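Structure below; questions to follow.
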Amino acid sequence: MQDRLHDIVRKLLGEGTIEYFIGYGAGSEPHRVVPCFVTSDHEVERLVWGPLCLQNLSKYVLQAKDLEGKAGVLVKGCDTRAIVELLKQHQIEREEVVVIGVACQGQVDPRTLEEVLGVPMEQVQGVEDAGDQFVVTIGEDERTVAKEQVLLGKCLYCRHPSAFEYDFTLGEIVPFSIDAGESEFAMVEELERLSVEERRAFWQKQFARCIRCNACREVCYACYCKECIFDRKMPRWLDKPPLLSENEIYHLIRAVHLAGRCIDCRECERVCPMNLPLSRLYKKVQKDIAELFDYEAGIELDEVPPLVSFELDDQDPFM
Amino acid sequence: MSDNIYLPWIATITEVRPETADTSTFVVTFDDPQLRESFTYLPGQFAELSNFGVGECPIGIASSPTWAGSLEFCVRAVGTVTNAIHDLDVGDKLGVRGPLGNSWPIEEIEGKDLLFIGGGIGLPPLRSLIHYVLDNRERYGAVEIIYGARSPQDLVYKQELKQWEEQPDVDLYVTVDAGDGTWDGPVGFVPPFLREINPTPENKVAFTCGPPIMIKLVVEALEEMGYADANIVTTLEMKMKCGVGKCGRCNIGDRYVCRDGPVFSFDQLRRIPGALEA
Amino acid sequence: MPKTRVGVFVCHCGNNIGGVVRVPEVVEDARHLPNVVCVEDNLYTCSEEGLSSIKEQIAEQNLSRVVVASCTPRTHEPLFKEACEEAGLNRYLFEFVNIREHCSWVHRHDPARATEKAKELVRMGVAKARYLEPQEEFESEVFPAALVVGGGVAGMTAALSLANQGIQVYVVEREEKLGGLVRELRTLFPTEQDTGELLSPLMEQVRGHPQITVYLGSEVENVEGFIGDFQVTVGSDGQNSELQVGTVIVATGAQELRPSGMYGYSTLPNVVTQLEFEESFKSGADLPPNVVMINCVGARVPERTYCGRFCCSTAIKNAIWLKEQDPDAKVSVLHRDVMAYGVDIEDSYRGAMELGVRFLRYDIQNPPQVLGAKRAEAVKVQHQLMGKEVILPADLVVLTTPLVPREDSERLSKMLKVPLGTEGFFLEAHLKLRPIEFSTDGIYVCGSARYPSSIPESVSQAYAAAAKAGIPIRDGSVRVEAITVFCDERTCSACGNCVEVCPFGAVELEEGKFGRIASVSVAQCKGCGCCVAACPSGAMQQRGFDDRQLLSMIGALAEGMVSGGGR
Amino acid sequence: MAVEGSETGGNGFEPKILMFACNWCSYAGADLAGVSRLQMPANCRVIRVMCSARVRPEFVITALSKGLDGVVVLGCHPGDCHYSEGNYFTRRRGLFLKKLLEYVGIEPERFQVRWVSASEGAKFADTVAEVTRQVKALGPNRPRRNAQ
Amino acid sequence: MERKKLQKSDLSRWLDRIAQEHELIGPSEDDGVIRFQPVESSAEIAVEFANSLIPPKSLFFPAVESLFSFHKRGKDIELEATEPLDRDRVVFGIRNCDVQSLSLLDYVFGQDLEDVYYQERRARTALIALACPTPPRSSCFCTTFGIDPLSSDGSDVLLTDVGDVYLVDVVTEKGEGLVSLAEDLFPGLTDDEARQLQPRPVEMKKVDISQLREKVEALWEDEYWHKMSLPCLGCGICTYVCPTCHCFDIVDVGSTLEGERYRCWDSCMYSDFALMASGENPRPTKRERIRNRYFHKFSTFPSRYGSGYACVGCARCLIHCPGGMEITEVIKDILAKESISE
């Protein structure tokens, strides 16, 4: 798969159809995969593909506007949903970007892999996809581990945009399906079963830990505003100190802005240095949007987002 | 400066003099009488003005140290804090933290002729030095002042300009970018106006302050007229926050504008990468 | 002196307010608010003396904001705004605080907490007033011409009514001739008057009227613009012409439902609709002895819930006509209910029965069946009253169907950006209060385009629509209250939310200085603020209700409640 | 009928409730309640907006986080909106926001949406009384500062 | 003071004894994140950890701290400075890289105009350092910056794990005071123990950075900064987890009637960090901001304070950067550039 990727990118760069390609590159240590911007032929070798390519690269396409020339990008099924939404929200034009879809069969969650293997990621030399298992090389020996044990949370409920014409595909794109053993919203239902006081205590504790580094905002494809209301001086929605009331406003307003836009790529949770359980907040957003308005973000290109449309017969508990 | 470098002193606004549509001079005196005497500063230094509940902003001290008792700040309403200050009235309280930063090189320029080139709201920092020089007239040579603004209404310190005009030992030249009915003086930008006047560079130090584009052109003109970089001194306007060289915001190269400046000579600035881009 | 200088005027309103709220305390509390330079209380602020004291203070204190705490803005706001304007203060630098209807009148038994509430309401009012900005009301002049879409009875009546007021009118009719649906009728209910007698004079006047230009065989291709300046493209067989009009009247009427697949229609030759009966039989074809009419075909059913309103009277008219031609003819009308509302329909219903027309009631659960392989021979129906099946011989079966919306109303509604109701007819602004206009200003509707309307109803609606459509043209200009929205092009990220939610299509995405941004057509914007709430980056703001103002009100209310309280 | 005055029972906690009222219906309904002298608790403060659709969810979140005990958004009955579609959006936003706030531990009674038409003065008064009673039972939304 | 010994099993007794006298702060974990925070007893202290996520700098220069509160009574305004500490503190488990980072911060907050808040916390806090385990975390590179993970300089007491016993080096009087709280737990070393019980040397990949400053200064105009800034998302993680970053913002929270002036962490990577009210921004795009960050660490900090580089090789930034920015790779890239025209 990796060589086919290299050929395609080399061709695209050679023909000049794209100025640069956004893909995954090897970091300084084998277990570290980082976003990699390839502009010239000799850099193509750095591009990799495998179960450790976790980032959602779609957000980087937004930078294409201020760099001249077209961009190519490698996207998994879940990342493509961001491309669909960016098209729907007029942030990119389809012909502005060359989209290479990759037949992703589930990505590894480094934290759970460490727990399952009992070995820090530093010692992992590589992870290969082997059907319903992963083959992990540690030092010299190789260990296999069942996929469903170490998958990223979102991969258990893998979803693709229904009809998206990729410019190129690596392997046959088919949604990865695996028996997750529990409903997609189990972690939300677990919290919903708690009492209001318990839920308040849970979230106040989490919001208090937030250090407001804005990583969840900067990594999120949907946060592309030129000047975010949180950075605005007048009116001042938010004060910069990470006080509890300010953190709560930050996260709740972001959740409202993600209503009907969150595509469950869970990058916000992955990059959060403080391990805030953000996917438990945004899974709730998706659950409510699905239940209330029967809508899922990033699937249909021409579907009107729920909070900017209405049905005359919407449910109305407010009579 | 109090030992807690972040704790301002309380001062009361004793007078507000509107200068232009969006600029006014605020005269403040410290509440603590003992402080009124002990507070000293040098021309070119600035202070952080606090409008409690809104924030702080760095404003140059426009009064001269030779005047006892009160400080004068020329504040333009451009940000949230300065706009809020413009909503205060005589009798309201402000926090003053300072004096901060370095000052105009008052010793080095003793005995020298002085050329002041100000643009728009660039005059207040120069004014502090001008008054200091005029109050110690004998220690300094000739004084030439070139000042320009967008329009006659945008000229600050209109009364003082008249005063300096009548003063024999001061040559004052005032221009406006665009004149109107009430203006009969020269019209044009400061840099070409400077070239017209073409003050000789011998034994002279030039001080300039104003919008970055004006400073750039003024410096080019002065260099062509033979002024050495060391003899061209300016005060930089950068985003500042703490004012005491800690918060890492106003750095140009390894200098903090709030601590090592804001007054720099141009040979200093030439040596700092990126200083002149800002 | 400070830039923002707020004057607060607290009203006693006799003892309506003063009797419960301790006004002096409210005045004292307001004195310490930021930027408040003068506070006054008067017995009746809305009195001459009260208004002049406001004007004096504006002059004396050079006030840049005025806050009046008294009754409801819905009554005296214009009065106070005039006073401010006369004193040279922009009328939008005024804020109204309601401490009567919302405070003193409803907390009569708790003066202490009513006073506390009044203080907080004044604090919120001052907090908002500090961020008010002067506004100019947008005024656009109205082009003195009107467009009428549809040349039926409704369209022609409206066109004539406008033209007779001296207004230039353009009528666009799709067919080659004026007259619309009524032209397909031979005789009119109830007088059996010949249709021509009604239509031809109308058509003559319209064709002959100097102020009316008629476009036949033409359709509206595109409509741009807003009240006072609609640019309309009319396409007639290939070539387009551009019109500029101030107001538009939609009179496109409706069409008869062709109930294919029901009761053998379109498969059995002798099963026709009322209109088809009218055309073929009334022009002298020999009349069949047995005629069975079936009413409510395709009406008052799950997929089309409304009642056609006057299809019953059409069936009665034709039944009477048949009996008059041949008294021995056996005419029966199978119905679910006879909608014989009003005077003349009830009389003709009685008359039909006297002439021997049989009215049989059937139940929707088991509707009548048309028997016959190649031709309809009989109609079997469960007779409700007698409780048994009846077979009626039938040489001709006439189906009474309701009027249904024209197929292309969707296209016209998109062009005019006006909504369609659930049944597909044009949806008026308000069922009771604004029945013949859309919520979008300058566009009106009359006749069956809105719902099946008989001729008298269409005509009266046409007069109403014409009267309404004439007003802006008479005024010559339209003033839009300055509560419209505007987009800060520096921070707009062109996500398009505002375009989706605007009920009036007043927002479009266009190329701006900083790339693509949303741009608002001030004349079309009604100032609901829905787009402002949908805008994540806060680029969209509403004059007089922007985020700064509303957030500072919330801040004033929450001040001191929690550490790090309000702004 | 609206509760007579306001009972300061229990610990004397008086909730502070913010109400957004749309200019055409609910604000007029509130005025009607005033004209009809319907007595009600003095815990609610009304902010007038042109349409209930103007109320940003961000206002509700900020108000609750800054310590207000309850927020109520009042609008016209669906179908009656002066701007024809405004309250359909209010309804959808309310549906979503209510579930989100409940999820993060804010009691459902603290954020409510109610339809009050210009002719429903009594319903406005009942709404004020009912919401005040519900919120009072819940106690303060955020620990009060002692300074108050 | 000659080297002493402490049985591993006695560690918690010593720490609990300290906790009775001073406020004990140690690395404790919640939700998988280790940070230095006050602990009631030694039980809460994590034992197996490479280093904390939030550096101990947060104990001296906290993420948010109140400078003073203000109250408006009528026209008068009263200010009341906030007390930084109420009790003396003892920090256990600090690694030597973080100890060195504090000495770098001392240059910023201790020199020229003293920052009383930082200085008081520094003065009233004792540091019990814990030598790094071998092998260290693979991403650590403190030796590159001349830091010895086993050195005791800068701390009051250093504990080095040599199996079931800690070697205890007491450095300062404060350290002596702490040890004296439980004198009996610290027997001296017999001669052969002194010979046998030696801390195992720590091997770590090392890069020669003697040329780093000149090389980076030559790159001011280089195209390199644009290309390498592309993956950066402009969030604040690298600066918030960096033990030597000291940028902050000053914000008033509250209303004009009463409130507090807070100091809180700020990040030079945020787009509006240097944005002026006039709309001008000396560092408008990521390219300038990233260049400014690495110039600060490798050029302007050393040249301003005459110190070493403002990086202690703790690797926190490269571990947590969502954009995969690795400071070690940046250093290698800078060193690899032949110095182009001066």
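In this document, chain identifiers A, B, C, D and E correspond to the written order of the chains, with residue numbering beginning at 1 in each.
In this section, a contact is a pair of C-beta atoms (placed from the backbone, for glycine too) under 8 Å apart; a residue touches a chain by one contact, two chains touch by 3 or more.
For clarity, every value in this text was computed on a predicted model and none was experimentally measured.
Among the remaining chains, those touching subunit C as well as subunit E are A, B. With centres computed as the average of Cα coordinates, no chain lies farther from subunit B than C.
The greater number of contacting C-beta pairs, out of the two interfaces B-C and C-D, is seen for C-D. Subunit A and subunit B, compared by their mean Cα positions, are separated by 51 Å.
Between the Cα centres of subunit A and subunit E there is a gap of 31 Å. Centroids of subunit A and subunit C (each the mean of its C-alpha atoms) stand 45 Å apart.
As a whole-number value, the distance joining the C-alpha centres of subunit D and subunit E reads 49 Å. Residue positions of subunit D touching 2 or more other chains: 57, 62, 66-67, 85, 89, 93, 142, 147. The set of subunit C residues touching two or more other chains comprises 34, 501, 534, 547, 551, 555, 560, 562-567.
Shared interface positions of subunit A, defined as residues touching 2 or more other chains, are 229, 234, 236-237, 239, 243, 245, 307-308, 312.
Pairwise, the chains that make contact are A-B, A-C, A-D, A-E, B-C, B-E, C-D, C-E. On subunit C, the positions that touch subunit D within their shared complex are 72-74, 98, 100-103, 105-110, 113-114, 116-117, 120-121, 124, 419, 427, 429-430, 439, 483, 501, 503-504, 526-530, 532-534, 542, 545, 547, 550-551, 553-555, 557-558, 560-563, 565-566. Against subunit A, in their complex, subunit D makes its touches with residues 57-58, 61-62, 65-67, 78-79, 85, 88-89, 91-97, 99-107, 112-115, 142. On the subunit C side of its complex with subunit E, the touching residues are 32, 34, 555, 559-560, 563-567. The part of subunit B that touches subunit E in the complex is made up of residues 1, 3-8, 10, 50-57, 78-80, 82, 91-93, 95, 212, 237-239, 241-242, 244-256, 259, 273-274, 277-278. Listed in rising order, the residues of subunit B touching subunit C in the complex are 16, 77, 83, 86-90.
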